[in-house]
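Per-chain numbering from 1; labels A, B, C and D assigned in written order.
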C-alpha cells in the first residue's frame, strides 16, 4: 500500500458569492491515477486551478507530501513538482519542441561570461524526453507543425522534464483522434509504472474507468462519491454525476411544438468536421444537441450560421435555402446565434449594455434615407427587452457590459438577439459560466421563446438540462448524429452511451 | 501591433499601477504646468521701441546661420529688438509664423522664404496689415504682392565660378567628365545656379561634358548617396560643382571612399567648385583641395535687408530688387578675396 | 503640489469628457498675462484659422482610430490632392487655365483622388486583412513620392482667386474655411453618433468577431471608415493649398504626428471603439493653442515640439489612468 | 482540394522576401553592367549599414508585437550631442561612448513608460519622437555641424572591410546570436507569440519588454553613429523618417507586426539591403531619382500582402479536425 502524496481537506471556493466548491476532500496516492469526473460546472477545473496555483482557495488545506501547499503562481506550483496539462495547451507555436521543453529552464554554457544556450545538451535531453513519451520527431521541429495529439505529448514531456511528481490531465483526449488517445493511454500506463502520480479529468467515463485506480465524482462543488475503480460501474458513476431532482429547476413547457419547420439541415457535410448531418427544427420546438467537447456540436452550429464553410448538403430557414450567405444573410433572414464564447464572440465588453442589445437590430431603428438611428425608440426597446429577461443593471445606457456578472452578461446577449425577433435560435452552451440562479432564468427565457413560436437549437454538454428543457435530443459524436431521442424516452445513460460511442470510420 | 501589452497583469499589479499612475500623472501635469508657466514668465518682455520679425525657412546651412547672426548684430547695433522664427523647412508653419508676427504688430519683417510661391500669401498678409516685408536671398514669384528682395545674382556668380574651373581644366588639356549637385528644384536660387553651370557646360562643351546630375533637394544624405553612385557609374569623373558648399562634407566622404580626394596638382585630383563661401569651403581652399568657390556677399545682403526694411518703415522709396554682385574666390585671388569671404572670417573667429 | 484636492474631485475631473477643453481654457488663462497679444482679436482668429485644416484631417483620422485601424497616408493624400488640383486650376494649364470650370473641376478632382486612395487602403485592409499600419505606410510612401515625381518637386502657383479665397477669404465676417470645417465637423459628428454607419464603426472597433456574428458588415464598414479619413484629408488639402495659394508636393509632410497626437490627446483610443468628434476638436484646439502661444512668446518650434511630446504622453497617461479607475470602480 | 494547393503555395509564400530580393537583384543585374561590379555591391552594403543596424534593433521590438517610432529621433539626438562634444574639443572616442549612453537612456525612458505605466508603445514612442527631435533641434539650433574629421573613420577600411560594414556585421552577429542562442532571445519570441502564456510559464514579461526597447535605442544610436561617420555632418534632416525605413526593412525581411515571427538574419538584413539596392540600382541605370519611392513602396506592400495570404492559408491548414476521414 503506497503512501498518500496529495491530500485535499475541506477546500472551498466561491465566485461572486456563488459557491463552486464546498468542503472538498480527496487523497491521491503515490503512483496512482485518480479519476476526477463530474458535469461541466461541477467544479473540477476550479479544484485543479487551485492545486495548480492559478487561483487561491477560500478555505481548507491542501497537503503535498504532508506539508501544506498553497502556491501563489503556476510557476511556484510547477517548482513543487505539479504539472498541469490544460485543455488549451500552453505551448509557444513559433518555437521548437526542444525550446518549449526548457523555456524557463534552459541549460546554459558560459562562453566568455555570456550564458549561451547549451544546444547540444538541450537537444539530447529533449530527445530523451520525447522518447519517454515515444514521440518520434526531431526536437527541432516547430510546435506549429505538430498535430494536437503530438502537442499534447510535448506538454507531457515538458512535465517530465520539470520532473513533476503529480501530473494533472484536464480533458486530454478532447482534441485527439482515437489512435492518438490510445498512444496517450500507453504513456500514462508507463508513467504510472515509474510511480508518477496523476489526476485524470474527463467526460469519457470509459477511459476513466480503464485508466484510473481511484475515482472521485464531483457534483455542484461537492464530492458525491469516492473510492476504488471497482466500486464504480458506469451506471453508478453516471447517476452520481447527474443525480439531482430536476423538476423545480426547469419551467413547465406549456406549449407543444408546432408542425411547420423553421430550420432544416439536409445531409450537411464538411470534411474532417461533420458528416451527413440532417435534422428539422419546428416552430416552438426546443431541439437539444448533446455531445462531448469535440463531438462536432459547436462546429455544426458555426456551419449552420455560415461562419464556417460547408462542403455539401444544404440548410433551409423557413423553407428557403440559405446557400452561401454568411452570418449577415442569416441574421437578416431571422437566425440568431449565441456562441459558447461570450467574451470574444458575444459582447462588446467596453460598450454600454444598450449598445450591445441594440447591435443586431440597428437597421430596424435606422430611417431609410439618412440611416439615422432613432435613439429614443432604440433605448426604449432595449429597456423593454432588458426588463423581459430580468436583467439586473444600474442603467443600461450607463453601465458597460464587462462590469456585469456572467449571468447578466448572458442575458444581455440573449436580449440582443431577442430584440431582433428571429424565428430560429442557435444557443451554444447558454448556461456556461452562469450561476444556478441565473441558469433558471435562462431556462425560463428559452421556454418563453419557444412558447412565442421560435425554434430553438439548444446545444449543451449538460445532459441534465437538455432533458429538462428539450422536446427532442440529437446526440452527436465524431461529427455525426448518433441518435435522435423523443421526449418520451429520454434517458441519461442512453444519451451518454451514444455520446461516448467511438467514431465508426476511425 | 499592441497585442503584446494588451492584457498583461494580475489585479494586484493593476492596483499598484493605478495608484502609481495616478501619482505620476498628478506630478506630470502639476509639475508641467508650473514649469511651463514659470518659464513663460522668465522670458516675459516689455513692449517698447521697435521690433523686427526675422523668419528663416531653416538654419540648415552655415550660410543661413551666419546671415541670421549678422542680422541680429545689425539690429542690436541700431537698438532694435528682433523676434526670431525658424520654420524648419515647412512652408505652412512659416505662414503661421508670419501671421504671428502680424498679430504681434511687429514694425517690419525680414524673411528667408521656403520657396518663391508659398511666400506670396505671406507677403500679401503683410501688405494687408501694411507691415514692410523684405525677402532675404530668395526672390518671390511674380505677383501683385509688394515686397523688396535682397538677392545674389546666383546665375552670374555660378557662371563666373564654373568658367574659372573650365579655365583650370583647359590647362590640364584633357576633356572633363563633370557632375553637378542640384539643389531643391523649388528654389529659384538652385535653378539659377544650375542654369549657370549648364550654360558654361554648353559654351565650352569641348572641355566639359556634364555626365551626372544629382538632385539633392538640399539634403546631405541624398547628396552622399548620389555622389557615391555617380562616381560608381562614371569612374573617370573628374569635375564636380555643388550648388551649395554645405554639401562638401558629403562630397569629400564620397570621394574618400572612392579614394579620389586629392589636392590640386596631385595625380587624379578632381576639379571642385562650390557656391556660398562657407568655412568648410575656405578651409578646403587653404588646404588646396577646392579650386573655386562662388561667394555671396553675406555681409552686404544682411545689412542691406535691415536697411531696406527700416527705409520702408520710414516711407522711403526702395527698389524692388537689391542685387548682391558677389564674387568668385579661387587659388589665384585667395589672399585678397578672403577678407570679404564670410566663411573665412567665421573660421578665423573659430566659431561654427 | 502639497494641497491635492480629494480623490473624488480628481475623479470627477478625470472622468469628464470635457477634461481636455477645461485644460485648454486653463492653459489659455494661465498664458494670457504672459503672452502679449495672445488674446488679441487678430491672434484668436489666427489660432482658429490655424486649427481648421488640422482639425479636418484629425476628424477623418478619428473615424479610422475608432474602427481600431490607423491611417498614416493622410499626409500623402494632402500632398497629392494639392498638386493634382493645382495643376488643373493653375493659369499655366493650357486646357482649363482661367476658364470658369477650373475651380469646380479642380476641387472635384482633389476629392476624387483622395477617395481613390482611401478606397485602396480600405479595400486591402478589409478584404485581405493586412495590417493597417503597413498598408497605409506603403501608400503614404508611394503617393507622397508620386506627388514629388508628378511635379518634379516644383511648386505650382497662379491659382485662380476663386479657389484661393477659400483659404483666407471670408463671407461677410465668416471665413470660408471656418464654414467648411464647421459643416464637416457637424456632419462627422452626426454620422458617428447618430447613424447606423457610425454605430457600426464603434462596434467593429470594440470587437470585430462579435460584430460580424451580430450581422455587422465588417468589410464594408472598414472600407467606409478609410474613405471618410481620405475624404477629410482631401478637404484639408483644399484648405491648405488655398491659403498657401500653391500646389506643394511636400505639403503637410510634417503634420502626421500633429494629427495623430491631437486625436490621442482628445482621448480617442488606439485600441478602437472609443472616440468622439468633439474630443478631437478639443485635442486639436489644445495642440494649436500650445503651438500658437509658445510661438507668440518667440519660442522656437523645437521647444514647442518637446512640449507637444510631453503633452501627448501626459494625455496617454491620463487616459490609461482613467481606464484603470473605471475598471477599478 | 484546397489543402493540397495551400501546401504547394506555402513554401513560396514563406520565402517571399528572399524571392523578392533575388528578383530585384537580377532585374538590375540585367539592366546595367555597372550594378554587378564588386565596388558597387560593397557600396550597397556601406549605404545600407546604417538603416540595417537600426532595423535590427527594431526587429527585437517588433518580435514582441511592439513598435518603436522614436529611432529616427534617437539617431538625431545622439549624433547632435556627439557633434557638440567634438566641436567642443572632446575626443572622438569619448563622443562615441556618449552616443551609446544616450541610446541606452533613451531606450530605457521608452521602456519605462511602456512597461511601468502601461502606455501603448505606439503613443509612447510617438511622443518621444516629437520630444527627441525637438530637443536635438534645440541643441543644434537647426544648424548644420560639419565634422569632416569623422569622415576619416567613415571611409576607413579595416582589413579591407569598410568601417560601416564592419559595425553592421558586428551588430548583426551579436543580435543574431542573442536571438537564437540565448534564453533571453527565445523569451523574446515566446512573449511575441503569446504574452499571457509567457507570463504563465514564468517568463519575466516586464524585463523582456524593457530590454527590447533598450536594445532598439542602442541600435538606433549606433546606426546614427555610422551615418554620422559617413556624412561627416549633422543636419536637421538627420535620421528623419528613418523609423519608417527601419520598420520597412524589418517587414520586408518577413518580420510580422503581430509579433513572434521574424529573424534578423537573413530576414531584416535582406530587407535593409533590398531597400538600398533599389535606390542604388535605379541610380546605376540612371533612372529618374524621384521614381525611387514609387518602386520601393509597392515592394513593401507586396511583402506584407504575401505574408497575410500565407497567414490565411495557414489558418485553413490548421483548422481543428474532429473526425478522421477514412479516405484521406
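The rule is short, and it goes like this: a contact is a pair of C-beta atoms (placed from the backbone, for glycine too) under 8 Å apart; a residue touches a chain by one contact, two chains touch by 3 or more.
Predicted model, so just to flag it, every value in this text is computed and none were measured.
Chemist: Chains shared as neighbours by chain A and chain B?
Modeler: C, D
Chemist: Decide which interface, A-C or B-C, involves more C-beta pairs in contact, and give its chain pair.
Modeler: Of B-C and A-C, it is B-C that has more C-beta pairs in contact.
Chemist: Using Cα averages as centroids, what's the distance between chain B and chain C in whole Å?
Modeler: Comparing mean C-alpha positions, chain C is 31 Å from chain B.
Chemist: Measuring centre to centre with CA averages, how many angstrom lie between chain A and chain C?
Modeler: Those two chain centres are 46 Å apart.
Chemist: Rounded to a whole Å, what is the gap between the Cα centroids of chain C and chain D?
Modeler: Here the centre of chain D sits 29 Å away from the centre of chain C.
Chemist: Could you put a whole-Å number on the gap between the CA centroids of chain A and chain D?
Modeler: For chain A versus chain D, the centre distance works out to 43 Å.
Chemist: Could you pull out the residues of chain D that touch at least 2 other chains?
Modeler: Touching at least two other chains: 67, 117-118, 120, 122, 137, 141-142, 192, 257-258, 290.
Chemist: Which positions in chain C are in touch with at least two other chains?
Modeler: 131, 133, 152-153, 270-271, 300-302, 307, 310, 313, 317, 320
Chemist: What chain-chain pairs meet the touch criterion?
Modeler: Here the touching chain pairs work out to A-C, A-D, B-C, B-D, C-D.
Chemist: Tell me, which parts of chain C touch chain B in their complex?
Modeler: 1, 4, 10, 26-27, 30-31, 34-37, 40, 42-43, 46, 49-50, 131, 133, 152-157, 164, 167-168, 240, 243-246, 248, 251-255, 270-271, 291-292, 295-302, 307, 310, 313-314, 317-318, 320-321, 324-325, 327-328
Chemist: Spell out the part of chain D that touches chain C in their complex, as residue ranges.
Modeler: Touch residues, chain D against chain C: 67, 113, 117-120, 122-124, 126-138, 141-142, 244, 247-248, 251, 257-258, 288, 290-294, 296-298, 300-301, 304-305, 308-309, 312.
Chemist: Given the complex with chain C, which residues does chain B contribute to the contact?
Modeler: Residues in contact with chain C: 1-2, 6, 14-15, 17-18, 21-22, 24-33, 36-37, 40-41, 43-45, 47, 83-93, 95-97, 99-100, 102-105, 115-118, 120-121, 125, 141, 143, 184-186, 215, 217.
Chemist: Enumerate the contact residues on chain D facing chain B in the complex.
Modeler: Per the touch definition, chain D meets chain B at residues 34, 37, 39-40, 43, 46-47, 64-67, 114, 116-118, 120-122, 137, 141-144, 146-148, 151-152, 154-155, 162, 191-192, 195-196, 199, 205, 209, 227, 230-233, 235-238, 257-259, 279-280, 283-284, 286, 289-290.
Chemist: Show which residues of chain C lie in contact with chain A when the two form their complex.
Modeler: Its residues touching chain A are 190, 194-200, 202-203, 206-207, 209-217, 273-274, 326.
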